[in-house]
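One structure is given below, represented as C-alpha cells, and several questions about it will come after.
Just so it is clear, A, B, C and D label the chains in written order, and each chain counts residues from 1 on its own.
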Amino acid sequence: MIIAATLAIFCAMILAISRAFMGPTLYDRILAVNSLGTKTVLLIALLGFVMGRPEFLDIAIVYALINFISVIAVLRYSDSNQFKENSSENEPIGKER
Amino acid sequence: MLLKDLFAVTMLLSIYGLLSATFFVAMDAVDVAFTEASVGAGISTLLLLVVISVTGRRERRVRHKPYAALFVVILTSMLLVFGTSDMPYFGSADAPIHNHVAPRYLNDSMQEINVPNIVTAVLASYRAFDTFGEVVVIFTAGIGVLALMSVSSKALSKSQPLNRPRGLYEQHLVIRIVAKTLFPFIFLFALYVQFHGDFGPGGGFQAGVIFAAAFILYAMLFGLDAATKVIKPAVIELLAALGVLLYGSVGIVTLLNGGNFFDYDYLLADPIAGQHLGILIIELGVGITVTCVMIMICFGFSLRRRAYEQKVAIRPKEGAV
Amino acid sequence: MKRHSISLFCVLVAFWLLNSGHYGFLLLALGIISISFVLYLTHRMDVVDHESQPLHLTHKVFAYHLWLIKEIFHSNIDVLKHIWRGQLTITPTLKTIKISQQSDMGKVIYANSITLTPGTISVDLENDEILVHALDASSLEGLELGEMDKRISKLEQI
Amino acid sequence: MDLVISISSGICLLLGSFICVSGSIGLLRFPDFYTRMHATSVTETSGVALILIGLMILSPDLLVFAKLVMILLLGLLIGPTTGHVLAKAAYHNGLKPKLTKSGNEQSSVPSSERGGDISKS
C-alpha cells in the first residue's frame, strides 16, 4: 500500500510540475512550487518507509522548513517596488476576460 | 518559448533542486539528498532572489541569437553522453570505484573510526584534506563577494532614506507571528543536524546552510538593521575566518603530535576518541564558516541594494536645490 | 518574559530529545549547549514573547482544534466534489468580513483558520476586516454566521 | 492486531493519496490562481494529514512517530501561512480574481485597492 501511495504522490508531483511550467502568472508558478514542496515532503517520508530507513524523515523536516523559508523569501521580494511596475505577467488573465 | 522573467526562472530552478533531491533519496544517497535539499532548494534560491533584487527582474534583450553557444553546448553534451557509454553499469561489481578504496571505507571504517555514518567518516576523516579545500573555497567565495560588493560604511550612514519600504514586520501580521514561533525550532534543528552527522545524514555543510537560511529569513522579515544589531557584520566576517582556522588548527595539532596532517589518531591517547573529537571539531569549523559566508554574501548584496536606493533617493533633491 | 523563556526551553528540550534518539553524555551536553545558544540568539532577536509562545491560550486551544478539524473535514469533502465535477459548479466570491478579535494573535488564528479550511482563503488582513476569497458562495455564508469568530473570541478570554 | 494495523494504515494512505492526486488535478483544472489555491489547500490539509497518519500507524518506534507528528504540525502551521501570504501578494500586485456575477457585485474592492495599499499601510 505504501508503494501505491508513493506512485500516487509521484503522479501528483508530475501534475504540479506541469502547472509550474504552464504558468500563466508568476503566482501560479510559486503556488505550484509550494505544493510540489509539500508533495516532496510526503514522497520522501514514504520512500523512507519503502526502503526501511526512517532517518529519511530528517530530510522531510528540512524540506518543510526550507519550503517555508523560500516561499516567504519570494514573497518578500515580490512586495518590493520593481514588481508592480512591470505587471505584464498578469496580462494573460486580462486577455481571457 | 524562452522565459525572460528571471523570477520565474528562479522558481523553476528550485523545482530542479526538489526533484534532484528526490532522485538522490531514491538512489539511497541520503547525505547528498540532504545537501541538495538545503543547498539546491533552499539557500541558492534565497541568494538568487537577493541578487535579483539588485539586478532587476527582466533579462536584457540580446540582439544576436546565441546559436553558436547553443551549438557548442549541444556538441559538448553529446560528447559527454557518448562518454557515459564507456562507464561501468550502475551498481556493477567490477567498476573501478568498487575496487580501489571503497572496500576499505566500507569494511574498516567501523574499526578505525567507529562512526555509523560512513559518509561522514569518509568526508571528515579519510578525506579531511579535500574537505578542508572545499571550506577554503567557500571562504574564498565569501571574501570575493565581500571585495566586490562591499559598500563603504560612511556612504551608508550619511543619511537614512526616507521612503524605504519597511520590512514585512508591520505589513504581515500572519507571517510575523508564525515566523517568530518557528525561528527557535529552525535554529535548533540546524544545530541538531550539525551534531548528528556521525549517526545520520547531516553535518557541517547542511547545518550551516539551514542556519544561514533561517538568519537570512530573519533579516528579510525584520529588516537589515535588526539583523545587524543581532550580529554585527564584522563579527560574522571574523567568525567565517575563525571556522577555517579551527579546521586548519586541528591539522596542525596532529602534525605537532607526530602524525600526518589531519590524522586524528594522534589527537588523543585513544585513537577512536581522537577520531571522534577531530570529526566533531572540523564539522563545527565547517558549520561556522558556511553559516557566516552565506550570511556575509546576503548582507553584501542587501547593503549594495540599499546604497543604490539611497543614491536614487538623494539625487532628485540635489536637482531641486 | 521569563515565563515564555521557560516554556520555550521545555519545548526545545523535547524537540531535541525526540529528534536525537541518542542519549549519550556527549550528545546531551551538546544538546544543552545548543539549546542555550538558541535561547540566547532568539532573545537577541527579540522573538520570544506572548506571540511566539501563546501560553495564555494553552488550556482552551485543544477544544478549538477539535472543532476546527471537524470543519476542515466537511469543507474538504465539498472542495473535492467541486474538483471532480468541474468548473461550472464553482462560484468564486470575494468578500470582506468583519472580525471582532482585538489582539494580533486572535486575528492571526482567525485568518489561518480560514485559510486552513479548504474552500476559503483569507486574502488580506487589515485592522478589523478580513478579505476572504471563497470557492463557493455557500461556504462564505457559513463563515458570515460567525461560528468561528465566536469560538476564537471565547478562546481569547482568559 | 497486525491485520488491523495494516488495514487501517492502508485505508489512510489510500484516501490520502487519492486526495493528493485530486488536489493536483484541481490545480490543473481550475480557472484562475485563487481557485487553484483552494485545490492545493485540500492537499495540504487532509492529504498530508491522512498520509502521515497512515505512516504513523506503521511507525516502528517512538522517535519515528514523533518526527511524523512534527512534520504534520509543521505542515499545518506553514501551509495556511504561505497560502495567505501568497494570496495577499498576488492581490496587492494587481492579480484580479475571476468572480461569478453575483460575487462581482458584492465586492468592488479590487480595482480601487490595486497596488496602492502597501505604501499606505
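In this text, contacts are C-beta pairs under 8 Å (C-beta built on N, C-alpha and C of every residue); 3 or more make two chains touch, one makes a residue touch a chain.
All values reported here derive from a predicted model rather than from experimental measurement.
Relative to the centroid of all protein Cα atoms, the closest per-chain Cα centroid is that of A.
When the interfaces B-C and A-B are ranked by C-beta pairs in contact, the top one is A-B.
Centre-to-centre, using mean CA coordinates, chain B is 31 Å away from chain C.
Centres computed as Cα averages put chain A at a distance of 21 Å from chain C.
Look at where the CA atoms of chain B average out and do the same for chain D: the two points lie 30 Å apart.
Residues of chain D found to touch two or more other chains are 23, 25, 32, 37, 67, 70, 78-79, 81, 84-85, 88, 92, 98, 118, 121.
Of all residues in chain A, those touching 2 or more other chains are 30, 58, 61, 65, 67-68, 72, 78-79, 83, listed in ascending order. With touch defined as above, residues shared between interfaces to two or more other chains in chain C number as follows: 15, 19, 111-112, 125.
The part of chain B that touches chain C in the complex is made up of residues 173-174, 176-181, 183-185, 187-189, 191-192, 195-196, 199, 218, 222, 226, 230. In the complex of the two chains, the chain B residues touching chain A come out as 5, 7-8, 10-12, 14-15, 18-19, 21-22, 25-26, 28, 30, 33-34, 37-38, 41-42, 45-46, 49, 52-53, 56-58, 165, 168, 171, 175, 179, 182, 186, 189, 193, 200-202, 206, 210, 213-214, 216-217, 220-221.
By the touch criterion given at the top, residues 8, 12, 15-16, 19-20, 22, 27, 30-31, 34-35, 37-39, 41-42, 44-49, 51-53, 104-105, 107-108, 111-112, 125 of chain C touch chain B in their complex.
Of all the residues in chain D, the ones that touch chain A in their complex are 6, 9-10, 13-14, 16-18, 20-21, 23-25, 27-28, 32-33, 36-37, 40, 43-44, 47-48, 51-52, 54-55, 58-60, 64, 67-68, 70-71, 74-75, 78-79, 81-82, 85-86, 89-90, 92-96, 98, 115, 118. Listed in rising order, the residues of chain D touching chain C in the complex are 19, 22-23, 25-26, 29-32, 34-35, 37-39, 41-42, 45-46, 62-63, 66-67, 70, 76, 79-81, 83-84, 87-88, 91-92, 97-100, 102-103, 106-107, 109-110, 117, 121.
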